[in-house]
Each structure stands twice: as structure tokens, then as C-alpha cells.
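Presented below is the structure to which this report refers.
All chains are identified by letter, namely A, B and C, in their written order; residue positions are counted from 1 within each chain.
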Amino acid sequence: MERTVRQLANLVAGSFTGDGDAVVTGVSSVDQATDGAIVFADTKRAFDRALASAAAAIVAPVACTTPDRPVIHVNNPKLAFARIVADLAPATPIARVIHPAAIIDESAAVGAGVAVGAWSTIGPDCVIGDQTTIGNGCSIGARVRIGRECTIRANVTIHERVSIADRVIVHSGAVIGSDGFGFVFDAGQFHKFPQIGDVIIEDDVEIGANTTIDRGALDSTVIGSGTKIDNLVQIAHNVRIGRNCVIAAQTGISGSATIGDGVMLGGQVGIGDHVRIESGAIAGGQAGILPGKVIRKGTMVWGTPARPMDQFRRNFALVQNLPSLNARVSEIERRLGTNQPSVPDEPTDEHNR
Amino acid sequence: MERTVRQLANLVAGSFTGDGDAVVTGVSSVDQATDGAIVFADTKRAFDRALASAAAAIVAPVACTTPDRPVIHVNNPKLAFARIVADLAPATPIARVIHPAAIIDESAAVGAGVAVGAWSTIGPDCVIGDQTTIGNGCSIGARVRIGRECTIRANVTIHERVSIADRVIVHSGAVIGSDGFGFVFDAGQFHKFPQIGDVIIEDDVEIGANTTIDRGALDSTVIGSGTKIDNLVQIAHNVRIGRNCVIAAQTGISGSATIGDGVMLGGQVGIGDHVRIESGAIAGGQAGILPGKVIRKGTMVWGTPARPMDQFRRNFALVQNLPSLNARVSEIERRLGTNQPSVPDEPTDEHNR
Amino acid sequence: MERTVRQLANLVAGSFTGDGDAVVTGVSSVDQATDGAIVFADTKRAFDRALASAAAAIVAPVACTTPDRPVIHVNNPKLAFARIVADLAPATPIARVIHPAAIIDESAAVGAGVAVGAWSTIGPDCVIGDQTTIGNGCSIGARVRIGRECTIRANVTIHERVSIADRVIVHSGAVIGSDGFGFVFDAGQFHKFPQIGDVIIEDDVEIGANTTIDRGALDSTVIGSGTKIDNLVQIAHNVRIGRNCVIAAQTGISGSATIGDGVMLGGQVGIGDHVRIESGAIAGGQAGILPGKVIRKGTMVWGTPARPMDQFRRNFALVQNLPSLNARVSEIERRLGTNQPSVPDEPTDEHNR
């Protein structure tokens, strides 16, 4: 496949400088760029690195110009590049067929152009929307609804009554609709509390590989439209997540937590039960938010227990500075003629073996 | 399905106040309660919320009474409610059949009323107890023993020689009996140490989705009866866990750790190898317990490295108070006529970019 | 199966003391040793425990001798023991057959002695090397290359164009080649950035159960030869890991991080994007390394944000010592006749509920 710089500039509604007839034959990262490849640069620094590469053309901000290379100028080079990749290096189309080794219950309603892989099962009363793709080895329980143009990769488990809207992507090994973790302790043992709710996943959500999303106990677990969830994330029963959130890998969200719109959670964040995180808030990687806490709109927190970022950084700096503070206090004591044992510079074995 | 308040009170061996003939047609959370629904309230506050809902009846402690609504009085409302849910909203019964697309080795002994889903395999010399359910796409290796009335959900992997007792629930994507992580370094490379032990899971254990439990290297990894394990938990080789423990999501337990009875581990807790956690101990979320440490009976710890909770809280408060302590020291220095550079209020870029 | 001490000493190229004709019938841990079992001891303390057991013979360092038991003397007892286990307790051989219920695309090139389990699929243009074993329920996408003598356990997903070299072990539930987590925000929503790179896994790598390894966005995600990865680890797009690294369970490595040779990462470590960890460095369990940071060759770090170990320990000790430092300052103030409110010994509810 090949395109001219002019064609690609038109494709992304951008302008170009340099030779509009220059031919682009592929896409690449700046690091790996070879002759014929187009690359993108979203900063001046990246642009300079791109110029040092063999790239045939560069997608860059309007401010980045050069006499030596064709440049396609756009406001959002990364987004424009994504569109160019879709044009120049399209994904291999998937045959819109249902594999003979898939088992689809006769009561299921399967839309037009649905693809289902080998060794998959679709249960009674499911509804699968048009152009949706289901990979190999998926288990889809009874009364599941999946919308249009969804992609369910291989070995995904979707349990009964889960509802998934349109253009949702679920990566391999994800489990949606597993029982929540709820028990009643009585007479010396734990009794299972019913987990009979469901899961509602809205449009354009992406769910990472081996991520788990539990059904509500009595109500619903909800993932709002446009929210992106990375791999190995745990979302517990009755959690409600808003729109356009970003949740990085290995983060865990405990039962009944509510998360607003546009919230960003770093990797390995832990969120206690009944936490409320308001829209636009950010939690840094490995932050721990205690049960019942509220994180206010637009605030950024870090640490365990989580603190406002500036407070965390200030206190962290003060801890780094403790040797100096200790020395200052010792000096004062010396001047006042008191004596104090100096602090050990190591935790004791008891405390830190 | 419908029941009268009187029938439900009898079912849970409770008393009732108000109209015993009032009809209940379903179960609900307080938040979603509609006409005809019964809800539970385990506190006075929850009871008041329930009264503000449309619920037809409320399961509540003896102390909670009202003239305006039928109330079923029990000592443990949540437990009683769980029983009412099982009666009013029973799970759809699973057909007690072996799917024709399941492969069961002829040497396997499969009990009465066993259900096996499509695309599952049961290996040589397995023994599966009566009324056990195995979902779609499960791989069960050779010489696995599974007891009575177990539920193995879809896409579970159980490797050779794993032993599972009665009424165990294993959620989708869980892997039981994978090799432990053991290597010997020699001549510049790692050599695999044999992982030929097994896994023993006792009665009434629940294992969460995508949780991994490694087999012992030479001996057994053991999960004691009644212990409940959430999603995405890692349990390494030779770990021994006692009875009725609760282990929240994404916690990791390293090799040869031993955990007593009734231990509670919060989410994302990390436990080093050869740790011993005595019965009744509690580790707060994200706590990190260093290799070889002992957590004494009934103690509660938090932080990394883990500390007794009161010590953690005291030290945490003192760190929050460092700005004031610094100011006090500066004031003393001022009065003594010394000079000290003030502490930076931010980590340097080198330390905290 | 039985062997004499003399035979086993020859097998591991060791010397022996005591009765060379003593018969060994099995292998065991010291804890479970029964008559006839051989055990290993790599320390004097372990050797004394072994002597207190019923073990028939002991593999031990040259320095460990006893008149009462046959001892096989070697430099690396654990390694020698691993070889003895392979001899005395060999794994059940797997039938080198392709199960009739496996689907292998006719364009795939499958080597000699390859075993493929039931309900597995191997896609178009795959190449599978000789003597490689693929378990039940695996989904292997188009153009995947797997080398010789690899073991892919049950329910593994390997997506298109992943390349795996020789003697690689992939445990159940692992997902290799899933999309990286990359989006461009524009006009109020996230747009998927192409994830069209691949994954390259070199010789002798081991990948744990339910671990996820994302493909590069435009380039490759690379795992160097001899590197061992535990369960539930997340490796993001474009990560490059060197040779002979050890990565413990539940650790997460963010996009474009580069890791040298012989790096050790404890459990639940979090590594930010574009981090560079140089060869021989070590990160303690739950350490958090911030985006863009560099960890120098051979250094050991701990904590979040990660610090050199000695600095972490010193600061940790100073925090433990804060009550004493506060008391010293209060005493100074008392002597100087000032008054200060004493520090609260608990975080406030607002900060630590």
C-alpha cells in the first residue's frame, strides 16, 4: 500500500510543506523509521529526532517546519497519525463467519455480520449486535446482551445477564459478571451473600486482558461510556464508574465505590469500599484510598493513605530531610548542654528483618 | 414467585410486626426498592433509609420497629435476607447433564448429577463428586479430585493431582496447580527447580476470578476450609492457609508463608516468603509484610514494612506534623541566634520526577 | 523407581560418604521425608534438620558430613537435587499427539513430535517447532512462531504475530500480544492509538499464570532470554526486558520501560513508563519507580517513590523515632520557656477514616 504526502494530508485534513508527491509506503515509530515510512512528532524535541531518522515524511504540529522533509501539519499529530495507520496499515479483516465449532443457543439472536470463533459458546436468549466479533474459546452466558461492532477477544468469559453496549472491546482472559465477594459471618463460618445483580458496560469502553468485573450483589456494576480499563484490574460488585475514565493496570476498586467522569487512576491504585471519587480527580500510582473517603472534584492524590499531591510531596521532602532535622536538634541540645542518645541509622531486626 | 411476610418470617425463624399477610414479590437493595420488594437493614440508619423507600417489608434487628411497614425481626438481618433471596429469587437451575462437546477420559469417575459444560476436558483418573457443576471451557488435568456440590465456573484450569473437597466454588479464569516460581542459579543461568507437589483445597472454600494458586514444590499448597479468596489473588508454592480466612483482591502471598485461622488480609497486601501470620491477625490494604516476619495472634498491621496499626497511625500523624516540628526547631534556632537553611518544600527533580 | 547413593552421586558428579549401596526410592522435602527418601540441604542448619528426619540420604555441601547417613557432596545441592528429582521422579510423559479436537490451520507448519490439546486453535501461517507441547483450550493467532521444546499450558492466549523462541514455558491463562493501553484524547473522548507491533520472547523464558504481555504499539515488546516471570505480572507495550531477570508476582511494568540484564523485581513492584532499570539492579517488594526515572546499575531501591535501600531504611528508622524527636524538641522548648501544643497521636478522622 502506498500514498502520497498530499493524499495523507487530505486524509487528516491537514496542510503540508515540502514535496506533496513524495511517496509513503508504511508507518513507523521514529526509532525504527526506514525509507518510505511516515512518523509522527508531537513535540519540537520529537520532531528533531524524527528529522534525524530515515523517515520519508513527518506528521507534526504547525510550528514544526523544515526544508529537508515533507511535513504534514495538524493540531493533533498523534491522532492524525492514528488515522494514517488505519489507512496505510489496516488490520487484517476478520471473516464475518460463525465457526462451525461454535455453539450458539437456538434462542440467541445474532445480528448481521457477526463473527464467532471456534470453541465459543453463546447461551440462551443472548442478543449479539451487528458486526460484533467474538474470538475463540469465549463463554457467554444466558441472557447476555452485546451491542454492535464490539470486539470480544479469545478466552473471554461473560456471565449471565451482563449487558454490553456498542463498540466495546474486551481483551482476552477478562471475566465479566463473576460473583462479588460478599459473605455474612454467622455461627463460626462465612455464608455467601447472594450476588444476583448484573453488569452494565456502556458504549466505547475498553477492558484489558485478565481484568475482572464482578456483578452487583442486588443491583448493577456500571462502567460508563468511553472509559478505558487496562489489564489485570479488579472492579468489585456495585462499583459505578463514570464516563471517559482511564484506569491503569492492576488497580483495584472495592465494592460500592463510585467514580465520576474523567477520573484518572494510575497503576496498582487501591480504592476502598464506598469511596467516592469525584469527576476529574487523579490518583497517582499505588495510591491507597481508604474505605468511605471522598476525593474532591479535580484533586490529585498520592500515597497510602492518600493525601493531596502537594501535601504528599511536602511531607516526603521533610522525611528525606529528617537527618538534617535530627542534627539540628542535637546541635541545639549540645549548646544547651543536654545529652541525648543518637538515633539508630537502621531499623532494628525486630522491625525490619 | 410471592410470599407473605408471615411465610418469610417462618422461613428465617424470626418474628414479625405489622401485616403478616402483606405480600412480598421480590428482593431488592434499599436503593432500588420498588413496591412488593423486601429489603434488609442491619443498622438503625439503614432501617430509616429502608422506611424512606417503597419496600413492602423490611428484615431488621429486633430493636427496629415501625407502625408503617411490616418488619421481620431477626438477630442477623443480612443472613436472614440471604435465605429469603434463595427462596424468592432462586438461581436458575443448571441442567444436570454432561455436554456432548465435553471430553471426559474413560478412566475418570464422575458422580451422580454432575454437570459439565461444552469444550471442557476432564483428564485420566479424575474423581468428580455428586452434583458438582463444571462450566464451559475448563481444563481439568489428570488425577484431579473434586468433591460434592462444587461449582467450577467457565474457563477454569485445574492441573494434575489437585485435590478439591466439597462445596468449593472456583470462579472463571482461576488457575489451580500451576508451577511454583522456583529456580536455581548456576553457571550464569536459572535452572527450574522441580514443582512436583500438589494443591489441597478444603471444604467450602471460594476462589475468585483469575486467581492463581501454585502447587507445592515438593509438598502441598493448602487452603483451609471456609476460607474465601477474592479475584486476582496470587498464592505461591507451599503456602498454607488456615480455616475461615478472608483474602481480598490482588493480594499476593509468597512461597512457604503460613497463615492461621480467621486471618483477614485487605486488598493488594503483599506477604513475603516464609512469613507466619498467626490466627486472627489482620493486615490492612496494601500492607507489605517482609520475608520471614511473624505477625502475632490477633494483631492488626499496616504499611510497608508492616507495623502494628497504632504505631503506623501515630507515625503517620507525626509525619503529617513535620512542618510544625520544623517550624518549632527553626524558632528555637532563631531564639538561640543560630541560622539554618530552611527545608525545601519539594523533592528535587532527581528524586521525584 | 530406585537408585543407590552411588548411582545418584555419579548422576550429579558428586562424591559421597557413607553407604554407597544404600537404596533411595524417592525424593522429598526435609519436612515430609520418609524412609527411602533423599533430601537436600544447602546450609548447615538445613543439614541438621535433614539429619533429624527419616531421610535415607542427603545431598549437601562438601562441608556437611555425618557418620549416620549417606551424604552426596556437591557444590550446589539444590541444583544437584533438581537433577536427582528428574531422574527419580520424572514427569509423566505427554503423548506426542495432536488431539482430534484441536483445529490447526492447514497453512500452519507444525514440527515433529508436537503435542496439541483438545479445544485448541492454531491460526494461519503459524510455525510450531519440534517437541513443543500446547495444552487444552489455547488460542494461537495468525503468524505466531513458537520454537522447539516449548510448553504452553492450558487456556493460554497468544495473539497474532507473537514470536516465541525455544524452551519457553507459558503457564495457564497467560495472554501474550494483547493490545497495549494507548489512546489519544481529542474532542472530549479517547481514540484508540494503533497497537500493531508485536512481542518477541527469547529462549528459556518462563511466563507465569494469568500474566499479561501487551504487543508494542508500533515496535516490539521484548523479553530477553532466560528471564523468569511469575504469575499475574503486567508487561505493557514497548517494554524491553533483558536476559536472566527475575520478576515476582503481581509486578507491573509500564509502557516503554527498559530493563537490563539480571534485574530482580520483587512482588507488586510498580514501574512507571519510560523508566530505565540498569543491569543488576534490584527493586524491593511494592517499590514504586516513577515515570522516566533511571535506576543505576547494581543499585537496590525500595519504597514509593523508590529510594536507594540504605536511604529508605535510614529514613524509615527516623520516622519510627519521631516520637522521641518530638519529645526532645518539647523538652528544649520547656527549658527555653516556650509553649507548644503537643502533636496529636492519631490522624484526624478527615485524614484517616
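In this section, a contact is a pair of C-beta atoms (placed from the backbone, for glycine too) under 8 Å apart; a residue touches a chain by one contact, two chains touch by 3 or more.
Given the structure is predicted, the values throughout are model-derived calculations rather than measurements.
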item: Rotation angle superposing chain A onto its copy chain C by C-alpha atoms, nearest 5 degrees; value: 120
item: Numbering shared by both copies at the chain C-chain B contact, with half separating same from different; value: different
item: Rounded Å distance between chain B and chain C, as computed from the means of their C-alpha atoms; value: 24
item: Multi-chain contact sites of chain B, meaning residues that touch two or more partners; value: 119, 137, 155, 173, 210, 232, 250, 268, 286, 290, 305, 316, 319-320, 325, 329, 332, 347, 351-352
item: Chain B to chain A touching residues, read off their complex; value: 27-29, 31-32, 76, 78-79, 82, 85-86, 89, 91-92, 101, 117-119, 135-137, 153-155, 169, 171-173, 204, 206, 208-210, 226, 228, 230-232, 244, 246, 248-250, 267-268, 285-286, 290-293, 303, 305, 307, 316, 319-320, 322-323, 325-326, 329, 332-333, 336, 338, 340, 343-347, 351-352
item: Touch list for chain A against partner chain B, complex; value: 103, 119, 121, 137, 139, 141-142, 155, 157, 159-160, 173, 175, 178-179, 181, 183-184, 186, 188-194, 196, 210, 212, 214, 217-219, 232, 234, 236, 250, 252, 254, 268, 270, 272, 286, 288, 290, 304-305, 311, 313-321, 324-325, 328-329, 331-332, 335, 347, 351-353
